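Each of the next two complexes has subunit A plus one other chain: subunit B in the first, subunit C in the second.
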Partner chain A sequence: MHKLKSSRNLGFFVVFGFILFLVGNRVDELRVYQGATIAVYVVAISSIILLTGYSGQVSLGHGALLAIGAYSAAVARDNFHAPVVLTFVIAVLAAAIGGALLGVAAARLSGPYLAGTTLALAIGLPSLANQFPIFGGEQGIFFDVGVPPASLGEDFTQYKWFFWIGALAALVSTWLVANILRSRYGRNWRAGRSNETAASLSGINVAGSKILAFTISAGIAGLAGALLSMTIGVVSPSAFPLALSFSLLTGAVLSGVSTLSGVMIGAVTLVAIPEIADVVATRLGVSETLTTNLPGLMVSSLLILTVLFVPNGPIEQHRTRHARKAAKEKN
Partner chain B sequence: MFQFINTILIGITAGAIYSLMAISIVLVWRSTRVINFAQAGMALLSTYIGYEAMVHFNSFWIALPVAMIGGAAVSAFIELVFMRLLVKRSSTGPIAAVAPIIATLGLLGLIKGVISTVWGGADVRLVGPVTNVGYSIGDKTLAFSPLKLLTLVTVVVLMLLLTVLFQRSSIGLSLRASAYSPEIARLSGVKVDFIRTLGWSLAGTSGAVAGMFQTINGNGAFSPESIEFSLLLITGFIAAVIGGLESLVGAVVGGLVLGLVISFVLMYVSGSLFFIAPFVILLIVLIIKPQGIVGTKVARRA
Partner chain C sequence: MKAMNRRKLFTVCATIAVASLAITAIPAQAAEVGVSSTEIKLGMTLPMTGTASPGYNKIPAAVKAYFDYVNANGGINGRKLTLVVKDDQYVPTLAVAKTNELILKDKVMALLAPLGTANNKAVAAVVNPGARKIPVLFVNTGFSGFADKKKYPTTFSILPSYIMEAKIMAEYIKDNFAGKKLGLLYQDDDFGDDALAGFKQAGLNFDIKVAYASGSQGDKVSPGGWITKLQASGAEVVILFGVSSATAAALGTAAVMKYAPQWILGSVGGDATTIKASGVPAGVLYNAVGASFAPATTDTADEYVKLFQEIYLKANPTETFDNNVMVGMNTAFVTAQAIKAAGKNPTRATLIAAIEKSGKSFASAALVPLNFSTTSHVGYNGYWFGKYSPTGDLKPAGGVYTVYTTDSGTGAVVKSTYKRPAMPAKGLPN
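Right, the complex of A and B next:
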């Protein structure tokens, strides 16, 4: 039964990928680049959903895990000339190791303590890059995935190549996450989240499953970090500010932290906000300082409004309302 | 030896400011069981309010109380219109445990955005009332100046006032009662909601003082992106955790311990560990002594 379900799921992802392929051929460069950014956010947000929504651990420091992935990919590429695919694998592994270490500490902490610890990491870790010359200090180091292969044709642009890599990575990782969440591990996480005592009484190793969640989530975050630095081309401490961790969290909350199927909502919103802010600013003709701060203000306000009014995300909200309606009709 | 003494002096002054920040975290935690990650943002906003007063009246002694009152007002406003709604609305579902944390982060972003919009992103300056040039013994200069003395005195006075308020007044009794058990306190006639707002505004006041002194003890310049305030954000939290999150004395002890440790690490290990050192200290404390230095064994599972 389980197998059947995941292969049906696979079909969905293949079809979705094909649609993306068609769309990618028909839109202009800017949209293609935004598509690549959306793919990065999808990967990053799904890692937060896995951790916060399913295993119930908050991480405010996912930016730091992205940084680990990005730096290790770039170092592997620049210093050891690793092939692109391998750099992504290295990014996943390096971040997963970092996540496992953090997870061991995290399994002993609850709610606010964990939040504060990861917050301290998000502030502290990127500055460590200045310590070691191999990371290139404030300027950072280049991460170049190379030009698209010639077999794809002459007019196949660099951004489209980013989009292809990003979309493929996003599809594969989301498919994996969806299946992990439906597996035994996913159920263990949810059990541990709802009631730790009951979960351990049913034979679940709660601490172990929390550490596993952190490790997997970190690995996916590492992939997101490598993808992010691919689209920017450079890895530097300033690419991973606290604001990045916050906007990823906002994306996860917008998607509904416990519904993976909403992940596109958060990712698209994060990419759309700067553009919407730009339109609003020009329409209203507001001052220059407000124009530069509008995207940040919108992200924060959205985060607060979502937590206040649709705390479990739009999809869950819709589902609950639907279920309530159905129950009423039955009566 | 001389360097050793200077390291201690730097650590104590920095620690005193962390203590103030930790006190405001503890006050909010005790009154509403929320870790307010927006506290540093509120401190920054209060410092800007103080800066405005400074521009108008050109006196630090007017700017400081204005900042304190501003901090209290901002804090009370946030508790009244925002935290109450939050507690009422998102208390169920998978997000319930993390909603307050996420919400205070959203607040932090919002406050920063508002500040950048109103005052712009450029540095502004705040000058202390006394000099920050150290006292000298013979031909050596101590890392202790009239300004640092003033900082310590202010922190001690504020601590004493808070202690008297908590231990000797009926408001203090209500504050402690509603932190201990809101339901029973309410049954005994304590206006718990009012007390919570009061707890928040006391926290805002303490944070405002921390922000003002953090700024004048540095180079005086600050902006919405100031490193000082990123640092206040984590040091306040870490100091509060070291102190066990529950007691004001603990917050002060935690602040001083943190200040001293950071000062020694920077002086004797490496100056560039500025940001990662607090994280390591936090991890060590949480793993070795998770109930904090002065905390009791309970109160861990939040």
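Right, the complex of A and C next:
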């Protein structure tokens, strides 16, 4: 039964990938670039959904885990000329190790204490890069995945290449996450989240399962970090501000923090917000300071509104309403 | 049932994704990107907000004021010049994102005066205007590396390089302050490295060098630490080779800490308006040495200064006409000539060719010539030194501009013999 489900999932991901491929060929360069950014957010948000939605651990510092992935990929590429695929693997492993260490601490913390710890990490870790010359200080280091292979043709742009790499990575990682969540580990996490005592009474190693969740989530965040630095080409502390961590969290909340299938909603919204802010700012002709801060303001407002009105995200909300309706009809 | 639902939801998500991506189709391409029958669109990135923005955030208004002046006089072959400005907060990653927007969304013909060494390097590496054949007119940085035509085939610099500036500054120090204890404050990135290379080339040794971190995070700015180090070393002559905000912070803190060496301000940060606006008493600035390639902004006898000031203050009556404005308007003036020289229907390719072919003969307000050719994308190559007046205006010593010129290599520093030609009628491209 389990096997059957995952293969059906695989079919969906293949079809979706094919749709993306078709769309990528039909839209202009700007949309392709935005598509690549959406892919980055999909990966990052799915990592938060796994951690927060399923294993019940809060992370306000996912930006730091992205930074670990980004820096390790860039250093591997820039200093050791590692092949691109390997740099992504290195990013995943490095961030996973970081996540495991953090997970050990996290297993002893909960609620506000965990939030505070991860928050401190998000603030502190990126600027640590300023202390070591290998990380290039404030100016950062370049992360260049290279030009697309010549066999793809002259018209195949760099951004389409980013989009292909990003979309493929997003599809693979989301498929993996979807399957992990439905596996024994996913069930353990949900059990631990609902009631730790009950979970351990039924034989689940709650602390171990929490650390595992942190490790996997961090690995995926590391992949997102490497993808992010691919699309912007530079890894520097300023690429991982606190605002990034909050944006990702907002994306997860918008997606419905415990519904992986909503991940596109959060990712598309995060890419759309700066666009909308830009249109609004141009229409209103507001001051430069407001223009700069408008996207942040919109993200924060959206977070508050979502928590107030659709706390479980639009998909879960829709599902509950549907279930209620069905139950009513039954009666 | 649940699986069914999930599948439906996946389909919904897929549809949303496809629809949102497919909203815009590929538009029909005009003759050249950014050039229509009525308009030529240029794009600029620079810090409009954040710690590094003071001073530089006046440049867009300066450029726009000159463009509007040209537009009011019939534009360039009937086309209006317009400028799209994006705020990069002096952060390379933002500069990359904003340049992408300028190219992909606003579809500008060329990038104009993008500011910052690190930012321009990041943009060159990632957005790669060179490979896209997009002209980068007159980067607003003196990093000598941008002169490398092979690496940056579409990039033109206009400011003298930091290496040139450092070499000329070293000459000035040897002539005027020989034997004094020397201190240097510089930015800890390529901007600073270029300056260090120039000082080294000139054989100038410092008793103390203090680096400060670039970037937007204000909490890292700790001028108290810089001044303590400089003061402890006993430096009698101190060069501030940083951005305006860092220069202002250093001067302000030194005034508080009662440290008053002979200041020498680099051209990048020697912006009196910003320094005064940050609360530094004019007395601190008085007698500090500064460098410029343009005529002094108070020199209203100069035909360019007179015209530019008139145009700028008409458009921005409450602002101060200062060196950032002067240089910004001069860049706009050179740009207008380049576009005019690019032909009746300018393209990106003809624009680059026009600057290479006739850039040398473009009129400009500077007291040094432009050096563009098919082999060189380097603009100006010299500076004059002067002192700040009690009101904080940079004026040449004795009222005479003594201009020195050199190169970014091993060439000597020599006195310039350049005589600036008269301004074209009404200051419009001819």
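Criterion: the second predicted complex is superposed on the first by the 326 of 331 C-alpha atoms of A that agree within 3 Å, B and C clash if a C-alpha of one lies under 4 Å from a C-alpha of the other, contacts with A are read in each partner's own complex, and residues count from 1 in each chain.
Here is the rule we use: a contact is a pair of C-beta atoms (placed from the backbone, for glycine too) under 8 Å apart; a residue touches a chain by one contact, two chains touch by 3 or more.
Values in this document were obtained by computation on a predicted structure and should not be read as measured data.
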| item | value |
| --- | --- |
| Which of subunit B and subunit C A:Phe214 touches, first, second, both or neither | neither |
| Partner chain in contact with A:Tyr71 - subunit B first, subunit C second, else both or neither | neither |
| Which of subunit B and subunit C A:Thr289 touches, first, second, both or neither | both |
| Partner chain in contact with A:Ala239 - subunit B first, subunit C second, else both or neither | second |
| Touching partner for A:Leu308 - first (subunit B), second (subunit C), both, neither | first |
| Touched partner set for A:Tyr41, first subunit B, second subunit C, both or neither | neither |
| Touching partner for A:Phe88 - first (subunit B), second (subunit C), both, neither | neither |
| Touched partner set for A:Leu60, first subunit B, second subunit C, both or neither | first |
| Subunit B versus subunit C as contact partner of A:Glu138, first or second or both or neither | second |
| Doubly contacted subunit A residues - partners subunit C and subunit B | 127, 130, 289, 292 |
| Subunit C to subunit A touching residues, read off their complex | 3, 5-7, 9-10, 13-14, 16-18, 20-27, 48-49, 57, 87, 89, 91-94, 96-97, 100, 104-105, 118, 122, 125-128, 188-190, 213-217, 220 |
| Interface residues, subunit A side, partner subunit B - complex | 52-53, 56, 58, 60, 105, 108-113, 115-117, 119-121, 123-125, 127-128, 130-131, 193, 242-243, 246, 249-250, 253, 257-258, 289-290, 292-293, 296-297, 299-301, 303-304, 307-309, 311-312, 316 |
| Of subunit A, residues touching subunit C in the complex | 5, 12, 16, 19-20, 23, 26-31, 33-35, 38, 127, 130, 137-140, 142, 144, 158, 232-234, 236-239, 261-262, 264-265, 268, 272, 288-289, 291-292, 315, 319, 322 |
| Subunit A partner contacts - residues on subunit B that touch it in the complex | 34-35, 37, 82, 85-86, 89-90, 93-99, 101-103, 105-110, 112-114, 116-117, 120-121, 230-231, 233-234, 237-238, 241, 270, 272, 274-279, 282-283, 286-287, 290, 300-302 |
